[in-house]
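Consider the two complexes below, in which chain A is the common component and chain B and chain C are the respective partners.
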Partner chain A sequence: MEYVFEINGGDFSSGGNASSTIKRALKERNVDPLVIKRIVVALFEAEINVVAHADHGTITVIIEEHQVQMFVKDFGPGIEDIELAMSEGYSTASDTVREMGFGAGMGLPNIKKNADVFEIESVKGLGTNAHIIIYLKND
Partner chain B sequence: MKLSEIVRELNLKVESIANQDATIISAYASDLLSDVMGNAKAGQIWITMQTHKNVAAIASLKDIQAVVIINNGTPEKDMVMHAKNENVAVLITDLPCYEFCAALHKLINCEI
Partner chain C sequence: MLMTEIIKRIEARPVCGDACSLNTNEFEFAFASDLMSDVLRLMRDNTMLITGLCNVQTVRTAEMAEIKLIIIARGKKADAQMIKLAEESGICLLETDYSVYRVSGELYSYGIKPLY
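For the complex of A and B:
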């Protein structure tokens, strides 16, 4: 099953829509609640990063028998130094975004903690691509 | 302790509640959303000064039972609406964060 979501930069009021749609779909499939939690955290952080940092983007979620794959592609400023961006506490969030409580610099670390596979690549001035995989069964 | 008892004992103003009978055993206090995303646990009360819609979205995604807004803050309309749809309670205290946490801790722990 494949889901595609269009995300607009700055549209905080829609932030979380992709995550809650996927959460509902996984619940209906009776996926282990602990696994659902990890997927939801990773997806929400990726989704909000597009809203908070990029111009616009697309999230594709593919629910397969043994895993969930998330492809997050955005057009925007990109990330110059990914290693730095991945470190806890690093954030370039604007003051407005920080006032909302975003900008702790914990989003990418949260994704890494919860994902089985997390790959991210970015071109400065162009955009960012992330690929997240979480396995549904631990064997 | 039941959510409804917490509301009564701590004199909380209710913006939305449908889960009065939910049992609360702990809480998480933070204004940083990705801290809550990473560290809060299902079934908790979330104590914060944030009042926008993403708060309700996060609460629902994390299966948090109730958001308590401190310092008599006013939740935005779309936060309350979203919380109602998702069955998350929205409550308001006039206490600051530390005082509310202390009162809640005492209340929950007295019961045990």
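For the complex of A and C:
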């Protein structure tokens, strides 16, 4: 099953709708609650990143038999130094983002913590692509 | 700890429907934070969130983190969008004039455990 969501930068009112939809879909499939939590936390952090930093973006979630793949593509300022952005506590978030409770520099580390596979590439001035895979079963 | 006891201890006002009337003792742990990415790192169930952050992302974060009770401290008021989202997600919102520190102290002394 494939889901596609359009995300608007700065829209904190709708930010989280995609993650919420995926959470419901996974619950209906009786996926292990701990795995659901890892998936939705990784996806929600990625979704918030698009809302917080980008002009707009697209999230594609593919639920397969043994894994969930998430492709997060945004058009925005990009990440200048990915290694630095992956370190806990580093953030370039605006005051508006911080007022919403984010921007403490834990977004990418939280994705990495929950993902089985996390690949990210970014071009400064163009945008960022992230690919996250979380396995549904341990075997 | 029972919802009714929590409400009494911190002089809270329940602000959304059915979720706040749950009279169970499933609340065992609490975490106090205004940083939502820190909340998203919690993996233990039966945890309540004590926070001064009062916006729709507080509720969204609780939804993703499987938190069923949010205590909004410092006299802040949940808006209509927060209440709607909380009801859809089966999350209870409590408002209190107490500070985060005082809520934490009251509930700690009543046996609600910390996570770390």
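The criterion applied here is as follows: the second predicted complex is superposed on the first by the 139 of 139 C-alpha atoms of A that agree within 3 Å, B and C clash if a C-alpha of one lies under 4 Å from a C-alpha of the other, contacts with A are read in each partner's own complex, and residues count from 1 in each chain.
We adopt the following convention: a contact is a pair of C-beta atoms (placed from the backbone, for glycine too) under 8 Å apart; a residue touches a chain by one contact, two chains touch by 3 or more.
Treat the numbers as computed from the prediction; the structure is a model and nothing was measured.
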Clash or fit, chain B versus chain C on superposed chain A: clash
Chain B versus chain C as contact partner of A:Ala18, first or second or both or neither: neither
First, second, both or neither for A:Ile132, with chain B first and chain C second: neither
Which superposed partner A:Ala46 touches (first chain B, second chain C, both, neither): neither
Touching both chain B and chain C, residues of chain A: 12-13, 15-16, 19-20, 23, 37, 40-41, 44-45, 48, 100-102, 104, 106-107, 110, 113
Contact footprint of chain B on chain A as seen in their complex: 12-13, 15-16, 19-20, 23, 37, 40-41, 44-45, 48, 100-102, 104, 106-107, 109-110, 113
Chain C to chain A touching residues, read off their complex: 34-38, 40-41, 43, 53, 55-58, 60-61, 63-66, 81, 89
Residues of chain B that touch chain A when the two form their complex: 31-35, 37-38, 42, 48, 50, 52-55, 57-58, 60-62, 78, 86
Chain A residues touching chain C - in the complex, by the definition given at the top: 12-13, 15-16, 19-20, 23, 33-34, 37, 40-41, 44-45, 48, 99-102, 104-107, 110, 113
